[in-house]
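Residue numbering begins at 1 within each chain, and the chains themselves are lettered A, B and C in the order written.
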Amino acid sequence: MINEELILPIPKSTEFPKINGKFFSQDILSLDQFDPISIDLLFNITVHMGEIARNAKVSNYLAGNIATLLFYEPSTRTRGSFDAATKQLGGQTIVVENPQQFSSVAKGETFGDTIKTFEAYCDLIILRHPEVGAAQKAAKAAEFVPIINAGDGIGEHPTQALLDLYTIFEKKHTLSGKKGLIVGDIKNGRTIHSLLRGLSLFKNNTVYLLSPEQLKLQRPLLEDLSQKGLKIFEISQESEIPRDCDFWYWTRVQKERFQDQAEFERLKHSFIATPQLLQKYGNDEMILMHPLPRVGEISEEVDSDPRAVYLRNQIRNGMYIRMALLGLVLGKIPARL
Amino acid sequence: MINEELILPIPKSTEFPKINGKFFSQDILSLDQFDPISIDLLFNITVHMGEIARNAKVSNYLAGNIATLLFYEPSTRTRGSFDAATKQLGGQTIVVENPQQFSSVAKGETFGDTIKTFEAYCDLIILRHPEVGAAQKAAKAAEFVPIINAGDGIGEHPTQALLDLYTIFEKKHTLSGKKGLIVGDIKNGRTIHSLLRGLSLFKNNTVYLLSPEQLKLQRPLLEDLSQKGLKIFEISQESEIPRDCDFWYWTRVQKERFQDQAEFERLKHSFIATPQLLQKYGNDEMILMHPLPRVGEISEEVDSDPRAVYLRNQIRNGMYIRMALLGLVLGKIPARL
Amino acid sequence: MINEELILPIPKSTEFPKINGKFFSQDILSLDQFDPISIDLLFNITVHMGEIARNAKVSNYLAGNIATLLFYEPSTRTRGSFDAATKQLGGQTIVVENPQQFSSVAKGETFGDTIKTFEAYCDLIILRHPEVGAAQKAAKAAEFVPIINAGDGIGEHPTQALLDLYTIFEKKHTLSGKKGLIVGDIKNGRTIHSLLRGLSLFKNNTVYLLSPEQLKLQRPLLEDLSQKGLKIFEISQESEIPRDCDFWYWTRVQKERFQDQAEFERLKHSFIATPQLLQKYGNDEMILMHPLPRVGEISEEVDSDPRAVYLRNQIRNGMYIRMALLGLVLGKIPARL
């Protein structure tokens, strides 16, 4: 017979979610939670995670832990990355895709009740949702387990930004004093906005933004970033690309952001990264990045160029960053190894 | 070279499926298989399961075991609970959702052949199916591995009933001599019928059934339960609720059970649990339960009331009960710890 | 701070994919890669795998390994078998079904980029795809991890052929000097073609092909197999079945191969395996096989006949063969135990 009251897990912290070097039990909702010290700490762990994954080492950091992957919007790439990250560290996952089509959610259950249900089953929820702010909402509803935002609509996708920053860091050994070229739909590109915000956290960075006139960075964000110290130059032709960039960050013009499909067709291939372009405006030390998927804006001939890091390094780094975050947030990896 | 015949696993018992304290290799199809001794034994294990899950302890009770979650009807809540239960104990799952839409089943394979296929891959099948009797049918088809019924249409959903009983037991320390209020669609509510059957196994229990006239308990079931010794009072207004209930069990009026949608709209919110109602007719020692999902019939203001156990305790208890069942049926947890 | 370059995994071999007894890091695309020595080696490991699976022994051969199940065409049977095979050996899986409906692939990503993405997450990709040649294409795109073909349209499905051969081997202890009856849609049956190719690798085998006139083996394949030494006799009525077969291999006439549905209806049940037929033309030592699913062409009355191996042995053997392949290709099981 039971003579004790039910003991629930320890409720998580509800303080303002700046990380400040303390990841344990923390919701990871936005890149804005990160400061240079937290990023440095995360990146140090990430190096170690890469070693585990590359060598198929048996790791038990997350033994006994279960993460729920709650994806209201399927994303094989991001889901696969988080799923693998958890399992690389010996953890387990519960995968739930499109809950809105089924059962409880379809029957009219509130989002809060769904979150409260799944938090009972696991130690951490990784949420993908089409609506901006959904991750914040989930973090409020979850009483015990942390939420990691795996993309909320056109809002945030902090692990994507972190993997991009890590890829620059990995090749350039620092995130200060860098010069970069960013190309594509700079108006709507979520990954671009996050990367710019990330770069603005460090000193003395400069970016050149190359886009069609219609897809330039929106003024309020440009002004905000400039105030934070990021030097921004807008250019409109390839001939204006400076030769001494540390990185090029190419992106896809996203069909789904256009109401006028004719305009999309006109703009989608405004700029294409080719061996010739790299030859003409690149340098030997730079790297060429892309958040993927690509649909023609980087020529496949470039793939074998050692400076092309989008297929090999960025994808892998995404998994390593997620491994590091999971280990830190679940308190299973000490902040200093 | 092979010189021996294939050795198949030991066929499972085909004796009449009363549990009688022996869970090993037993199909779990219906609440009717349980007697007070089996329930007591199960609940003792369940307490221990809660400790494992709450502390993210590494448990290897089910190391080497694989459960197939064969869900002909998606149910994120129940699937997540069984999936997590298996993994909490170190087991693995094969998740198959909507097999009828794909491949072999779509090509015309019989249900029996599908069951025989999946039993070859695993140690246990957890089945959800829209048709009454599907779990029985599966239990007959499976020669070697036990079936756990995770809901067969408007038929049985024994683990739901067990978690409800466990929640009362956990708070009240016994299942005899209890007085409860049950509210909602008492005619069609599967979870209500199971709870009533469960309560009828124990001595000296009393229930008050509050529902609209159209949704009253059907006479044959009422008579059967009364004969078993359960005292049943039907009431039609909140003012008739006795103040000294041990539990209130609130339920949703289920849209899918109504042919006349206007009638559903008229009845769906006949009774709503609010702080005011609890204040007026409740007491300090009672608990407020709901099988979930809810769609408005319990006000969210009630959630923070310590007597509200639907979000925290019931969901968790569902996972703990399933952990205990899996461990017992697979013979990996001794009946007495 | 990181001072080293990213170390990527060791690129896999790109030599011509004959196995020659060396499975490690090898793509498994076609039955044509196998020679008798490789098959013998694989089957020896398979015997051992059966022992692990049947006894729910805890096995850690694949500890630390992750396999991606990338299924562009759902197949609960094959997916379940590979999923279970990986987990039986202590490995983990990432399951991706229908990626073409979602996210990156739906946005226009190339097949090569998708493969390069998932290979970053895991140690091995198991691919099911509706297009012939997809597995070859994937094997070229994947730089680091091996691909196992789990069926590419009407092309190859090598593990199905291997499990069929293993089932004969298991019961008959050799794959030479055998006599078999093969029944059904011999023109279009992928599993039949693979079985015939497998039998042609060994000496002194004879097959009788029983089919309606419209579904006879195509001449080029018949000639090729005959040249390799397989003795083939085409028959058109049950009365021509020789009494001394070692195995009967029954198959379904596949609706999806017919443009004229009336013709399908006319032919689908041309030949049905019944107890009477077994009595009349069978013998005590033979086995009755079927690749499944069946839809009426084997009477359920035959299931309890000890010679019927389609439900028990073949399904299980499929999992054992896949376990053996996974262990060998990932280098976790030595070629000689």
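The definition used in the following text is that contacts are C-beta pairs under 8 Å (C-beta built on N, C-alpha and C of every residue); 3 or more make two chains touch, one makes a residue touch a chain.
Worth saying up front: this structure is predicted, and the values here are computed from it rather than measured.
Shared numbers divided by all numbers used gives the overlap of an interface; between chain B and chain C this overlap falls below half, so the copies present different residues.
Taking only C-alpha atoms, you rotate chain A by 120 degrees to land it on chain C; that is to the nearest 5.
Mean C-alpha positions place chain B and chain C at a centre distance of 39 Å. Each of the following residues of chain C touches two or more other chains: 95.
Against chain B, in their complex, chain A makes its touches with residues 1-3, 6-9, 63-66, 68, 92, 94-96, 99, 101-105, 107-110, 112-114, 116-118, 120-123, 143.
Within the complex, the chain C residues that touch chain B are 43, 47, 50, 54, 56-59, 74-77, 80-81, 83-84, 87-88, 95, 169-170, 173-174, 252, 255, 292-296, 300, 311-313, 315-316, 319.
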